[in-house]
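In the two assemblies presented below, chain A is common to both, partnered first by chain B and then by chain C.
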Partner chain A sequence: MIDPIFLAEAAVNGILLGGILALLALGLNLIFGVIDIVWIAYVDLVMLCMYLVYFLVQVYGWPVWAGGLASLAFGALLGVAVHLLIISPILGSAPVNQLLATGGLLFFLQSFATFLWTTDHRSVRLSLPSFEVAGIFLPLTRVIPFAISILALIALYVFLTRTFVGTAIRAVSQDREAMSLMGANPQWIYVVTSAVGGLMAGLAGTLLIFQYSVHPFFGGQFGPLTFMICVLGGLGNMVGAFVASFIMSEIISIAGVVWSTEMGYVIAFVVFIVMIFARPGGILARRG
Partner chain B sequence: MVGRALGGALVVLLAVVPALPMAGMKQYVLHVMIQILIWAFIGGAWSLMGRFGLVSLGHGAFLGLGAYATVLLWNFYGLSPWLGGVVAVLLTAGLAAVVAYPCSRFQVVGHYFGLVTLAVGEVIRLLIVAERNWTGGSLGVSLKPAGGDSVVAVQFADKRVFYYAALALWLAGLWVWVRVDRSMARSAMEAIGEDETAAASIGIHVTRFKIGITVLSAALTAVGGVAYAQYIAYVNPDTLAGIGVSLRIVFAVVLGGMYAMAGPTVGTALTIALSEYLRIAFGLRLIGMAETIYGFLLIVFIIFLPAGIYGSLRELIRRRRPTPVVA
Partner chain C sequence: MSLLALAGVTAGYGAFTALWDVALRVERGEAVAVVGPNGSGKTTLLRVISGMLPVRGGTLTFDGAALTGRPAHEVVAHGIAHVPEGRRLFPNLTVADNLKMGAYLPRARTRYRETLERVFGLFPVLAERQLQRAGSLSGGEQQMLALGRALMSRPRLILLDEPSMGLAPVMVLRLFDLIRRVREEGYTILVVEQNVRQVLKLVDRAYLLEVGRIKMEGRAAELAEQDFVRKAYVGL
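Up next is the complex of A and B:
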């Protein structure tokens, strides 16, 4: 039998992982909900941002906050670029083409990163103290990113519910045609959404580089999980995605300790498949 | 008529390829051709579903299950791939039915269907990696050599044997495609693809057709997986299961055009030729450059040729041809 302290530690690690997953999923879910296209390459954009922070902080010696701000700006620019160059021309195409165009971007980014930076794993290590609560060690390098990601989620929530642009974004995600009839321009909303989604990718990249090492195939580690959280939470449903992130991270973390890392992911994916059938509108959807 | 004559000429040409003099390049040309034929067959199997709006991003699951089941049955129990292949195809068909039934029952379509199948693909890949005592984990596993040519073990040193087998497989795939294309099932599936509720209202058994086409597509994909594993004699979870290979199958088909019989073949031939060319052009210099160009071209093709290369060409020719005047 497994010592309960390991399970408790796994549960705490699950919560910390959940914060990061929530950040990844919310950016993608925003885009998914508003533009109705899955950016298969979303986590690969995060990978680029991780490289940026790595080079700025580790190689050029920038302070962490400056590297983070640069990553936010870079992420937002990437988001806009992806929208204008790839998504915008195929908005009217069949859904399969839309999926594949961003899938092509995934191949492109992975191999371009291999070309530029080889497949070496790189990471930025900060030496911050750990503290202990009830026998469980909490490294500050994981607690601080968790806290920042929760703050960012609150900020995103406030942006979407309390500002004019945020309200417009939510309106488009609810009914695109009605918005056009009201005289709003969805194209502009799409660009803003992509920028905000990219910004979230930049933030996720900044927080992830201090915990995980980056390599060109980093996207494969979190990509599928991120789409699944979006769907599990319900398309465009921010609160749902948030809850789903923690469900998935706890499954992965606890099953990872009890069986193996791969089995953790297998169980999480099976839960996802079953949940799609049981609650197709997302875990928080009202039964229709 | 012209199309039929051209098709016949192509088959004859393909049949004599191994007899053509190619200096020292023969083994390489045959190797590339075998790959194209097998992957075109797999692409064709995918398009059986894809053309009706059932866009699966998890065909790697069927491919991997088929290939691994056959290889493991041979390696551990000495079961001939002829029998092992049958077991593998049945297993795969079972998996496909288990996935397709709830998808159809709960009307999981579009993005959702894609993501469910993607999850299935990842589950199979992760299970292969997790069961490393059996499967060799992410290192993959080699087919146990039978020691020389063997029909029972489906192992041959001569590439020509595999070439003709792959050619036969490919032709069989096209035959299935035509059979589906001309059947009642096609009209029914098209109606379902357009509007499920409307199709059900005129008496089409939606669930039955959807499960049927999914099982057929998955079973053929497993056959392709078995063929590929026997030819390469090595299986690896990253090349035969998971997102990477699933997306590559879809890419090739969409690139060629999934609504035409020749589409998957044209797309597969082009993507394999392109990646072989880039691989040779760059070799060990500039690692990653070949794949970068490949990814870039995929994006460009999808943006500018949404109906696929073959599909767009056919449309172009049709538009050029003067429309018959109805008197």
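Up next is the complex of A and C:
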């Protein structure tokens, strides 16, 4: 029998991981919900941002906050570039072409990163203390990214519900044509959405580089998981994706302690497949 | 000079031509109806005016500005608000957020509060239901919201597509009363309707559209007297 304290620690770690997964999933889901295209290469953009922070902080000695801000700006620019160069020209074409195009971007980014930076794993190590609460170790290198993720998600919520542009983004996701009758240029709303999605990728990249090492195939580690979370929560459903992030992170984290990390992913995928049959519209979808 | 003028407008979808050589004008402060049977091109006509459907030929002029070929979001900025067929509300946004989106244009946004008060004055039920999802409103309330949302852009011309569609007869009468009140506030209105009898009581002039062509034009009262119209549409 496993010591309950390990299980408790795994549950806490699951929550900490869930915060970052939620950031990734909501970024991807926001873009899908509004533009109706899944950016298969989303986590590969995160990978580029991780490299940026690595070089700025580890190699050039920038302070962490400056590297983070640069990553946010870079992520937003990447988002706009992906939209204007790849998505915008194929908006009217068949969905399979759109998947192929963003899938092609994934292979391009992986190969290009390998060419530029080799397959070496690189990381930024911060020596921050851990503290202990009721026998559970909480490393600040994980608690701080979690807190920042949650704050960012609250900021996203406020942006989408309280501002004109944020409300317009939600309106476009419900009826694009009607929103153009309100005087909004849908193309502009798409650019703003892509920038916000990219900004979230930039933030996720900053938070991840302090916990994981970056390499050209980093996208393979989190990409499928992020997509799974979005489907599990219901594509385009922000609340669903948020809940699904924590379900997945808890499964991975607890199964990882009980069996092994690999087994954690196996169980997560099995749960995903079962849920696809049981609730194809996502965990929060109404039946029928 | 007319507020809105269409000359020789031809438009359609794919190989199908829905409007042939349409000429139409709306003067400032006027209420004009376009009536005609189902499939005569009434909805297409409004879609062409608001820029949702490009014209194949002809010209569109609004207050002296050429609007031919302008996209929908630019046409609104000129002061034309379109209440489209089926209302097209944002069903998962609240009533308040739907109205807010009506004021999306920068010049409408700066006077958002003031316009909102006016809209709530016209439709008090919208004020009561501000925090409700638009999709949860009744048909009549949804039509009021669609109308209110259009007013939020502070338009100079309102296009109404079948406002009575899907409403119970009692609600249709109430709605036409409300549209009459909107008129009395000084708005210029172009409305397309199948409910010919009601709409001819509301407007100054009317056009009869049949299979994509304007067949008749005249004062609403005169048109209602025409034997042909009476038999075909008014049912008297």
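Just so we're on the same page, the second predicted complex is superposed on the first by the 283 of 288 C-alpha atoms of A that agree within 3 Å, B and C clash if a C-alpha of one lies under 4 Å from a C-alpha of the other, contacts with A are read in each partner's own complex, and residues count from 1 in each chain.
What we mean here is this: contacts are C-beta pairs under 8 Å (C-beta built on N, C-alpha and C of every residue); 3 or more make two chains touch, one makes a residue touch a chain.
Small disclaimer: the values here were computed from a predicted structure and weren't measured.
In the overlay built on the shared chain, the residue A:Pro89 is in contact with chain B alone; chain C does not reach it.
Of the two partner chains, neither chain B nor chain C is touched by A:Ser213. Within the superposed three-chain model, A:Asn185 lies in touch with chain C and out of touch with chain B [touch as defined at top].
In the superposed model, A:Gln58 lies in contact with neither chain B nor chain C. Comparing chain C and chain B on the residues of chain A they touch gives the larger count to B.
Look at A:Phe108: by the touch rule set out above, it reaches chain B but stays clear of chain C.
The residues of chain A lying in touch with chain C in their complex are 164, 167-168, 170-171, 174-175, 177-186. Only residues 50, 52, 71-73, 76-77, 81-82, 84, 88-93, 97, 100-102, 104-105, 108-109, 149, 153 of chain C touch chain A when the two sit together in their complex. Taken in their complex, chain B has these residues touching chain A: 50, 55, 57, 99, 102-103, 105-108, 110-112, 114-116, 118-120, 122-123, 126-127, 129-130, 243-244, 247, 250-251, 254, 286-292, 294-296, 298-299, 302-303, 306. Residue ranges of chain A in contact with chain B, taken from their complex: 38, 40, 86, 89-90, 93-97, 99-101, 103-116, 118, 216, 220, 223-224, 227-228, 231, 260, 262-263, 265-266, 269-270, 272-273, 276-277, 280.
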